[in-house]
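Residue numbering begins at 1 within each chain, and the chains themselves are lettered A, B and C in the order written.
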Amino acid sequence: MTERRHEREFVRTFFTSPTAIEGEEDSAKMIRRAAQLRGMQAPDVWVPDNEDATAPSMRDEGVENIIDVVAEHGADFPGEIHPRMVWHRDSPATRYQGFQHMLEIASSDTGAIEHIDGFVIPEVGDIDDWKKADEFFTIVENECGLEEGSLAMSVIIESGESELAMGKLRDEMGKATNNLERLFLFVDGEVDYTKDMRAMTPTGELPAWPELRHNTSRGASANGCIAIDGPYDDIRDVEGYHERMTENQAKGMLGIWSLTPGQVVEANQSPLPPKTGSWLLDVDGEQVELASEDGVEVYDGDRLSLEQTDDGYELRVGGDTRHLDEDELHEELLGLTSYVPSMDDIVDSMEEFEAAKEAGRGAIAMEQSATLRLGETEVSISKDRMWDEATYQAAMTPISLFQDVYENRPDQHDELDERYGAGVVERAMEVGL
Amino acid sequence: MTERRHEREFVRTFFTSPTAIEGEEDSAKMIRRAAQLRGMQAPDVWVPDNEDATAPSMRDEGVENIIDVVAEHGADFPGEIHPRMVWHRDSPATRYQGFQHMLEIASSDTGAIEHIDGFVIPEVGDIDDWKKADEFFTIVENECGLEEGSLAMSVIIESGESELAMGKLRDEMGKATNNLERLFLFVDGEVDYTKDMRAMTPTGELPAWPELRHNTSRGASANGCIAIDGPYDDIRDVEGYHERMTENQAKGMLGIWSLTPGQVVEANQSPLPPKTGSWLLDVDGEQVELASEDGVEVYDGDRLSLEQTDDGYELRVGGDTRHLDEDELHEELLGLTSYVPSMDDIVDSMEEFEAAKEAGRGAIAMEQSATLRLGETEVSISKDRMWDEATYQAAMTPISLFQDVYENRPDQHDELDERYGAGVVERAMEVGL
Amino acid sequence: MTERRHEREFVRTFFTSPTAIEGEEDSAKMIRRAAQLRGMQAPDVWVPDNEDATAPSMRDEGVENIIDVVAEHGADFPGEIHPRMVWHRDSPATRYQGFQHMLEIASSDTGAIEHIDGFVIPEVGDIDDWKKADEFFTIVENECGLEEGSLAMSVIIESGESELAMGKLRDEMGKATNNLERLFLFVDGEVDYTKDMRAMTPTGELPAWPELRHNTSRGASANGCIAIDGPYDDIRDVEGYHERMTENQAKGMLGIWSLTPGQVVEANQSPLPPKTGSWLLDVDGEQVELASEDGVEVYDGDRLSLEQTDDGYELRVGGDTRHLDEDELHEELLGLTSYVPSMDDIVDSMEEFEAAKEAGRGAIAMEQSATLRLGETEVSISKDRMWDEATYQAAMTPISLFQDVYENRPDQHDELDERYGAGVVERAMEVGL
């Protein structure tokens, strides 16, 4: 059976920092600072990046910096630590260098390796290339007295070859001649993937690569691993970063790369249920969040309006106007609205379903009602949603993620308690167990 | 070569009914009722569901109910009967239970098995898991004196593993140690797939999973099987159900799950060509069906208007206004309109092409013309479409589906004759043979 | 390592011509004319089409015509020549006929084969079917004194089976019993693919098949081949053809089928960077190209307007109006605008980055500024884009394509020099080497 073989079952954030910067008094400045992040600013997986973020001439020094900084701060770092090594499917020299760096870090007598959970291998090719990397891990473990398979291996998917490899992994994992069970994260690297695929766009913007992200998420699911999306370059575009994460979550890709502590905060929060629920209104194809004012959900844009007439209602959306009686309006509004449940709502529903199940009922209706104000007109709606075992199981995903976070990240307890309230947190930690 | 090995080459509807309900006088009530459906309310494949639709504690009784109801009503049921058994890739106990249930049904001396065409196996994993199920089918067949391979096996794709398995099936089917040629339907199960992929959406709505549906359709195509989409939960949303089916059909997924006899009616009709043709107008990116009034195709919405001016026409779409002369307008309208042919139209075109081919011509132009009324203004358009062998072959898909339905579902003859008229039906049954 | 094994690393155009037309004085008329195309009208790959474009009864004569016309004009044809043979995964008779035709062409004493770069094999099935074709190539080469592997093989992907085969190719290429390294182009054939998948749409229009195109592009990338999209039937719809090519390019599918010399011109130009840069404005979700007037980028549509007010600006998009101060406006416009760089711009940026790299800097900011006129109001914006090694590598794709074209197509030098100016061409040929 497919099982998860690592301590973390969910990883929200993959934060890279350059290991050595030229011309600075302390070339380890960036990783020294990153190692001291705490709380929402600290990622689930921190990646001292000895590959692309660090100049080729600085990478030997980068290895020394990793050893130094991790030995000093690793014990206290709240997330996992997975340095990225150099590697390339087309270059034996690069692969050998990556091996030497891993060996150097693991055999250092500073004890740094005790705080390192694994290594990240970029630019992997087909499955035989993954095996080459895995073999180097095994040799490193053997040389350094570590248990075979104890170092996690994460890979960056940045070529068509490696995208295909994820589809073949189940045939290879478990063979006596490898330790591929050490695989942990599958991380998309869209910039190099775009180059490998020779794709181009008029403005130079990256393609969205929906199929790659699907395939990475599926590969992770089929092999007990975790899918992570690549970097979002436009650091100022917080809204765009959130939209990308929402898209990813609908694909089962719950983690994302972060380039700054600010992005780490956003990405640590994004997959967690909201503190308060909210209503969405479909306005001419766009989902608009309604403002909640004194218990009324308000839309005050220009694209949709509702007016009461002598014999019913006039609903205008964009250029189209429709005349509806009360029942038709209610039906129409049920179709146009949806509710985003809060953590509290989710826990409530799960508890209610658990109680019903205990009482021998397999399905129950959960009611959601609201008063809407569209322009000047107020109307009330109420919608039922059937919950059965499958609904319950699907609702479990954000709760399991929350539980994994809460268990593994005590440094975020204050922020999480403040976000949700201690009562909700306590109930969320109990539900579904 | 890839061949279709089952009687039905097309399946429009996959209708599940709970096999045993607790607390009812007749726990078989639901399947007893379903077994007596006829005509458009009866599905192509009926699935007495001894898995998720039935409480775990009721499943042994469900097996008895299947035997009982199918023995009594199976001979007269107009569709095929494929009960769903329990199975799970991660649970040997569940798999053994599924085997025992199949054996019990097949060995019952009521003769129920004579009316059962196969079994549906949910929650399959990778290809080796499919082989375990196949082996149980073979043992059941051998124990019960059935021909090896005579029971069809359908699978529910509800994990990344099984999605990947469809890509490997051609390497396995035909080996002497299995009977995987028995495979019949590949059915997507999006609720459990969402759970397996750990995907989540803000409102709890299911992701659309376009890639899964593509891969299922492709897997079916490459292995002579039939692709079926999963359940559409919002039973009241008939329009949404039809939109989903139209999307699926463009992927080659021509069947869908139905949860109620009402959904069965919709899904039995959806892939059949319409009785009357209609014109579509692209209004600012949205396809609007024009109303046909006395031979004129009318658009009377607000988002597009056309007015004649001194020197030509003024066409307004959304906020943009363009001045066009007569030729430019005609060209523009050709681009904005498209025609949805009726069954009669399709048969006409195919007959015309067949005659042309017989006369030694490889390609002919088919003309479609219409008078449009946009706001106050009427204009006539006429468009040619080249038909060659490939166009002809592609147009054959809905006709082949119709022929398959008409041959296998005499109980729907009245409704089909009434829909299309006996003359059109007769010609549709002759074309392309 | 994955390498490109053919002279052309990029192919923009795949132009098919019928090899023999019934009832014409010269049945070779079409290929005789096509063989004399030059410059932008001549494709990168020319395909005398002895399959679907030619009536079955004319295909033996088509082979003679290929021999005749290629012997006479082949030496002077500026692109490569890859005739399409008959083939079908399900028909041994068709496969044998394809082999006989190849043998006949290759063994002709006219020397035609010297000008033929390979053959195109349609309707391939799974990987074992590809091997059957490859084996016939090897026999033909051996019989005709050609070097083993010297004839390129291109395949048309028009079935689910062959789509899956692309995912398995890396496991097969390089084995001693085949010469699959001869593979060159993977060409999607959407019409027959639609038939094979049994897909249908209301209007009979082809589905867009985004997943197929992704998988073809990925298969090409993983195996050192080149991805080509299938025919675009609506020959008059030049805008639609360009939109399709832009979509394809974002998938790494840089070539496309052409049915006429007019389409060849469009498709030869589409992947080349534009002569002049331009600004795009996102107007309510649609990208609108701004008109450049005296150095000002002008939007004069109705859907967006900007007006200066006493205390800032009023920006109206569709029905929504927002009040912004100067900084907010600037920020908003940065989000709504993007720049499509010209060839000159790309070369400039690459040279600047190369210089910076030589000076030891790994990343530099490139500034793009413009004055916009939205309605009556003018505002200036300026945006920085960070360039690092990855940006540089990604920008290299259109330049590498240009270099490949310029080296291999001297007949297009005049048109390219005229398009870009000789100075820009010269610099583009130097950059990145």
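We take it that contacts are C-beta pairs under 8 Å (C-beta built on N, C-alpha and C of every residue); 3 or more make two chains touch, one makes a residue touch a chain.
For clarity, every value in this text was computed on a predicted model and none was experimentally measured.
Chain A maps onto chain B through a rotation of 120°, based on Cα atoms and reported in steps of 5.
Look at the contact of chain A with chain C and you find different residues on each copy: under half of the numbers used there are shared.
If you average the CA atoms of chain A and of chain C, the two centres end up 35 Å from each other. Within chain A, the positions touching two or more other chains are listed as 167, 211, 318. Interface residues of chain B facing chain A in the complex, by the touch rule stated above, are 22, 52, 55, 89-90, 125-126, 159-161, 163-164, 167, 191-192, 194-205, 207, 211-212, 233, 237, 301-303, 318. Of all residues in chain B, only 1-2, 10, 167, 170, 210-211, 214-215, 217-222, 246, 249-252, 254, 271, 280, 318-321, 335, 338-341, 360, 362, 385-386, 389-391, 393-398, 400 touch chain C in the complex they form.
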